[in-house]
Each structure stands twice: as structure tokens, then as C-alpha cells.
Amino acid sequence: MTAEYHVPDTALEVREIHKSFGGVQALKGVSFSILKGEVVGLLGDNGAGKSTLVRCISGVHPQDDGEILINGQEVEIKSPQDARDQGIETVFQDLAVIPNFDVSKNLFLNREILSSNPILRFFGWLDHKEMSRQSEIALKRLNSRIPSFREEIKNLSGGQRQAVSIARAVNWGADIVIMDEPTAALGVEQAAQVNNLIKLISSQGISVLLISHNIQHVMEVCHRAVVLRHGRAAANVLIEDITPDDLVGLITGAKRAA
Amino acid sequence: MTFLSETRSQVFHKILNREYFVYYALILVIAFFAVVLSETAFLSTPNFMNIIRQTTPITVMAVGMTFALAVGHIDLSVGSVVALSALVCGLLVDIVPWPVAVLAGLSSGLLVGLINGVLTEWLKVSSLLITLGSMGVISGIARVITNLESIPITNDSFTYIFGSGSFGSVSVMFIWTLLALILGWVFLSKTRFGSHLLAVGGNPTASRALGINVVKVKITAMVIAGGAAAMAGMLYAGRLHGARYSLGEADLLTVIAAVAIGGTSLFGGRASVAGAVVGSWLMGVINNGLILWGFSTNEQIIARGLILIVAVAIGVKEDRR
Amino acid sequence: MLGVKKLKTLSRISLLAAGIAVGISVAQAGPLERIDLSKSPEGPNGNAAQPAGNITLNSDEAAAVKSKNYKAALVWHASGDWVNAVTEGAKTKFEELGIEVVATTDAQFDSARQASDVENVLALNPDIILTLVVDPVSGGAAFKPAVDKGTELVLLSNPIAGYKPNSEYTGIVTDDMYGMGVAAAEMMSDAVGGTGKIGFIYHDASYFITNNRDNAFRTAIQENHADIEISSEKGFTEEGQTFELASAMVLQNPDLKGIYVAWDVAAEGVIEALRAQGRRNVKVITHDLGQNNALDMIKQGNMYGTVADRPYEIGQAMAMLGVYGLLDKESPAFSVVGYDKVTKDNVAVTWEKSLRRPIPKKLSEALQ
């Protein structure tokens, strides 16, 4: 597979990513790109390398070889913080919320707004008011159905929790949001909510890399699908050009990319 | 999707929430004793000042323990730290200026907290086991350095500030209680670090994923617990004009009961400093009331155990939601 | 301000220095000292011991307090059979004198708890407090509120540093510790037939009563029983340690004929160790009465005999000393009650004499 050339509205591009754990080659040269505002489904069977690729991009396990480009510039992502600094946020299945915290506190966790008073600031005094204000704006922006930014997460449904995670990513000015199975633990209606949210943020110009097992969801929300097989990108297809059955065939290897 | 609105049952649930339980319990217990002990001086300002004065070391320890529990740890060594810090201070107070002796005493507690925290993270063993071990080691050290002797403290400034002093009818111990309450509350509820403590206790995986230095936060919580216990050691030494290896030995259960009934989860993520302070007062009032009523210490121990069970029962029920 | 590093070094050095200083001071009072048995034991201020029988109230004095509705509180260090017997003695005497006991507390050997107990009982405005002070050093601060209030303080055994008789407190009542130690030595001699090697398990902490009894026993063996040799000496700080100490002792010294151990509950571990090793021939002597060891004694196990004091009498004497204080009558500073040597033959009688309650059913059944 040849490396793609940069086009102006490419948000994220990965080139020839290699990653090994011990003697096992998890990624053997993966390349693809995501346009601005595009939702790309990352598909593949268990062990195909999806999680490894996500971890490389989000800085959890930096790649051994290959390049990551953001807006056409090559960047070094050695840690989760590096990824965040580059505008890449990751939304995990159900991991990244604090059940006893309210929505506002969750949105600002580890990015708290401190008091403007320099003395209080020195002691890490929080500006709860400002965080509440901004939370309200963030929730409005996402059209979310979360009743109040004061509600504790544990009182929210799974879909609402995921919405908080996504809101947090967006709120932090992410250009690229990686979502790892965001609907896996959710019921049908809740999952539909999250899918709508994904469409919404995409329409606001944010790129999404969606890891999912759910072909139906991928067909519904993604513009394009990248299929990994045995550590390589086996296919990179536009959703409008493919049927669900063909997509399954690509994942299982029954069908080869045209 | 159902929208969350406050139905009647939810309002009811909020009122019965464990966060408020300790306040109701305190009012109830005081009302109960006020009736039963109407012929004694139970319901009098001096008696309540008594209760606060004798409860202050427990209160301070409870505030510290709240921080350990907030991150999902527990510190069983607080009682032994009380003895160690009091003895360190007591041994030094005649040799160096008393503030230096106090600093040394407090440092001993902070150091124990640091060791507890580092060992727990480094060995990846439950803090329960680590502090169980350090409790033994420290109380052993406390015995060895004094040969089981009591250390008298005759420094008037020290005993005034940490024990017998008063402003009018307000004991200096009351000031220490207020200080512990305000400092603990501000730190836990108003600062970034407090927010991180609770986040780490509530969901360590998420906290790590969001870039919080979980190890540092957990260690700091243990240092705070150790430091608070050392402060309690100063207060005991100040009140008793002396230090002894057995100080604090019997306090662990009381402290945990006070914190748990005050609405702090024993499993991390939910903590209330004010609840811990009021919880310690509740323990103090029960202790005082039972004595005035003529009950023995053995019955008081039973009462304390029952309170702990009630507190834990409410807490666990709440956590399962 | 001192630098942190300097501070740490300083604190370490001074800790060591203070530790040594304390170590030296311990040598002056504590376990393993020789005692001059020709003298009677002395109170903390050098007052010679008087028999507690000297403490009496005549009918006029009794009548003077009877109508006054005085109140008393008992602020004990611990609880148990022995404390119950003291309490019983005090309560009976107080009842005779029309004084109400309004509170009884147990500090469980926790000096801070005892300080709280004092504050708590003061809310009941007692006129008399009977107490065994957990910590003689910090006791001064703990009992200051009571002294300030003019409460009559009567002490059991332990003095309070800085307090004087007929001033801050009326007087001290305690066991005849020397007499008990000497009696224990005599019983040991009986047990081993006047000759042989014995072990000595003593309370290795600075504690007035136990140190005096242990030291008196040790001195009496050396001075009065020349054919008996203490061939092994081991100290303990917690009762639970005596099992291991005794086990090691009889393994290292297979020729031991007897073991002295400081008090009854501590002796249980010794008996257990001897049983475990099948050493029925090693006889044990101790102080105080307890059901388990009394049963072993009746069944002619390892327990040969014990020296029982009279806690009930202590309680009565203390109650009367409290009244001495109320009447401003000069109190004997340091009084001691008697003791009894207890063996299988007289255990039924002495049990009731000492603890003032019927001998437990298990013991009376075993005696039949």
C-alpha cells in the first residue's frame, strides 16, 4: 500500500505505523488519513491491531516506526499528554467518568479552572462558578439531553455518561476524537443517542475515529471505514460504496478490497 | 430516555441520604441524653466544651483519615503515629525550642504517612496490610525509644497551645477542631487537589486516563493522614502534659466509625470532612452520655461497634446504587 | 529558622540522647532491683506503710457525712474481677455512709481516656473520686480539673507525680507488695521442697505494684532461700508473651522445678506452655486469684499456689479515706492491706475473703 499524499483538509494522517510487543508484530505498516469533520470507522477482528493503533495515536504506547501527521505536520506523540496537546482526545467505553462527580466536575477533571485571585490560585482554589458556566455552554453546544451540569454521573444513563465523555473531549478543543467502542455497553436507544452526538460533533468540524464492532452503527454514522487485518490496513472504503455484507467480508477476510 | 426530575421518592431519598445521617444522629442522640440525663449537667455549655475538648484529637485524626479513605486507602497506623509523634515531641521539648519539637513530632507522622503511601504504591499491596504492618513497627518503636516510660512535658507554652489553653470559656482545643474542619473542608472541596483525590478514589482508571498522577495523589493522601495523626499526638501530649507509648492505641475504631458515619465511603470517591468532624462529636457525645448515665466502658465499646455497623450498612447500601 | 536538613540531624541526635537519658532514669526505678526487705515498703514521698486497718471512722464521723448526700465516682484504669472487688468494697462502704456512687469508668489502660473520664464524671459533681491512675506522669494534668474543683481524690497504688498526700489527694491504699513477694518466695520454697532451680518471669515495665512484688520475691529467694537458685530470668510487657517465654525457658532449662510469674493472667500462658510440653512436675507460683489457674491448682496441675491480696478491703479503705478528706481529717499517706497465701487447701475460703463473692461453681464442683 502506498502512502497517501497530504490534502489540505486532512486532520490526521498515519504513515507506515509499526508496533511490536516482544516478538509479536501487532502493526505491520498501517497508513490512512482522516479529513476534517470526517467520521472514520476503524474495523477489524479481535487481534487485528485496532486497539494497538489507537494506543499509538493516543500516546499510550508510542509506535516503533512510522509517522503521525496532524494538519499535515509531522508530530511526536510519546505520551497521552502529547496527544492531548495535539488536539487528540480519547473517549473510552465507560472508563473515564467519576461516578460521584457531577457533570461539571467531570468535564473539567484535571483541566480545572482556577480562581483568578493569585493567592487562591496558588493554593489551587477552584473557580466552580466559571466551570459551571462553561459546562452549561458545552452541554448546550452538544444539544445534549443531560438535565443539569449539577447532576452526579452515577444518576445518569449510560448514554448520558458517554455524552459527558464526548462533551469533555470536545470541550477541550479537540480536533480529533478517538472513540473506543462508545456504544458497546449501551442499549439500542442509548446507542442511537451517542450516534447522533457523533454526527453532531462531526458537523461541527471535528474528526472522529470510531472503533466499533457494530456494523450497523458504522454504516449509520461513518463516512469511511478502514479495515485492519493482521496488522495491516486491508481496506479503506467509502461507506456509500459498500454494503454491510461486504464490510463483514472485509473484516473476516472472505472478501478482498477492490 | 427518562429525564431526571425530582420525584417525591427521590426527595425523600435525598433527605435520608447518608451525607446528612450523621447530623440527624447527633441531634437525636443529644435530645435522647438530654431527656434521660435531665438531672445531670449533660445539657450544659461546660459539658459540651468538655466533649469537644476530649474529642479534638479524634476529630483531627478523623479529618486525616477522611483523606486516606477519599482515595480508597485506609490508614490503620494512625493510633501508633499518635504515640510516636507525641513521644518524639516529648523527648525533644526540653532539649530544643518547643516549636522545633512540634515540627519534629509532626514530621515523624508525615514521614510515616509517606512511607505508608510509597510502600503501598511500590509493592502494589492493599494499604490495609501495609498500615497494619507499620502500625506494629511504629508502636514497637514508640515502646523501645521510651522503655515503656511516660515522658512528662512541662513546657508551659506547649501545653497551653496544644491542650490546656483557653480564650475565655473557649478551649484552645475548640480552635484546633475548627482549624481541622476548615482546612480539611477547603482542601477537599475547594481545591484542585481535593478534586483529584476524590476522582482517584472514585475511578482510578479514568483519573489516570485523564492525566492525573494517581500515584502522587494517593501517596499525598497517606501523608495527610499521617500528618493529622501526628497533630493529634501533639494535642494528646498537650492535654495530658506528657506522652506515653499507649496514646492513641484504642482510637482506631472510634476514628473509622466517626468518618464512616459522617458519610465518607470506605471504598473511596466520596468523602465529607464536616461529616467526619460531626461524626467524631457524635462518638464523643455518646461516650460522655453513657458515662453520665452510669454505663461501663465495655458497654461503650458495644455501642461504638453498633454505630460502626449502622454507618457501614448505610454506606454500603448507598454505594451499591 | 533552622534549615530542614539541620533540623532533621538535630532531631535524630537529640532523639538518641533523650532515649539514652530515659534509659538511665529507668534504671533507677523498675524491674530487677534489689529491695531492702528489712524495711517496710515506702510510699512515693517516703511515707512508711501503715496497715489499712488503721483507717476507721467513728460513729460521730459517720453520722456527720451521712445526711449530706455526698456523691462519689470511681475512675478505674481497667476492669475485671479484681477491679470489681475493689468497686464492691468501696460501694458497700459508701452505702453505709449514705454516699451515692454516681459513675464508674474504665480507662482500659489508656491515659488519654482516663483524662476524658475525669472530665466526664466531673459533670456529675462528685465530692470524692477513687482512682487508679494509669499514667502517674500525665495524671497530674488529667486530674487537675478534679483537684481544682476541690474533689477529694483517693489513690490506689500508683502515685501522681507532683501530688502530695493530704493536699491534692488524701492518701494511697495499696497491697503489701513486699509482704506478697516474700510470701510468694515462701510458697515457692514449699513447692520445690526447699531446694532446686527455678525460673523467674517478671513484668518488664515500670509499674509500681508489679515491680515491687517481683523484686521482693527475687530478693527474698536470694536472701531467705539459699538452696533455691533462680537460673533463668525473663521479662514480659504483655500478658500474651508468657507462653513463648515459658516454653523457651523450660526447653533451655530442663531441670527447672518451679516458675514464678508476676500475676495470674500472665501465669495462664506459663501453665499452657508447661501443659503443652508435658512438664507436670514444674510448679508455678504467682499473685492474685483467677478462675482458670485456681482450677488447675485444685486439680493439682502445675499451679501450686498464689498470693492473693484483698481488693475488697482496698475499696473499703479508699472509701473511708475519701470521707477523711471531706472531714478534713489527717489521712495516713500510704496504707497497705493484707494478703493470703492460697493453695488447694484454702482456696474456697480465701476466694471469698479476697474477692468477696462466692467461689465460682466450677471451682466448688472441682473441690468436691
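Going in written order, the chains are labelled A, B and C, and every chain counts its residues from 1.
Everything that follows uses one rule, which is that contacts are C-beta pairs under 8 Å (C-beta built on N, C-alpha and C of every residue); 3 or more make two chains touch, one makes a residue touch a chain.
This structure is a prediction, so every number in the text was calculated from the model and none was measured.
Colleague: Going only through chains that touch each other, how many steps at minimum separate chain A from chain C?
Modeller: The distance in steps between these two chains is 2.
Colleague: Using CA atoms only, can you tell me which chain is the most central one in this structure?
Modeller: Most central by this criterion: B.
Colleague: Which chain pair shows the largest tally of C-beta contacts?
Modeller: Per-pair contact counts point to B-C as the maximum.
Colleague: Taking the mean of the CA coordinates per chain, how far is chain A from chain C in Å?
Modeller: Their C-alpha centroids are separated by 74 Å.
Colleague: In angstrom, rounded to a whole number, how far apart do the mean CA points of chain A and chain B lie?
Modeller: Each chain reduced to its C-alpha mean, chain A and chain B end up 43 Å apart.
Colleague: Starting from the mean Cα coordinates of chain B and chain C, work out the distance between those two points in Å.
Modeller: The answer is 34 Å.
Colleague: Report the residues of chain B in contact with chain A in the complex, numbered from low to high.
Modeller: 1-5, 190-193, 195-196, 198-199, 202-203, 205-207, 209-212, 269-270, 321
Colleague: Taking the touch rule as given, give the residues of chain B at its contact with chain C in the complex, in rising order.
Modeller: Those residues of chain B that touch chain C are 40-42, 44, 46-47, 50, 53-54, 57, 88, 91-92, 95-96, 100, 103-104, 107, 143, 145-152, 159, 163-164, 236, 239-244, 246-250, 287-288, 291-292, 294, 296-298.
Colleague: Where on chain C is chain B touching in the complex?
Modeller: 2, 7-8, 10-11, 14-15, 17-19, 22-23, 25-26, 79, 102-113, 115-117, 119-125, 134-138, 140-142, 161, 204-206, 237
Colleague: Would you pull the chain A residues touching chain B in the complex into a rising list?
Modeller: Its residues touching chain B are 80-81, 84, 90, 92, 95-101, 105, 109-110, 112, 114, 123-126, 145, 147-148, 151, 154-157, 159-160, 189-190, 193.
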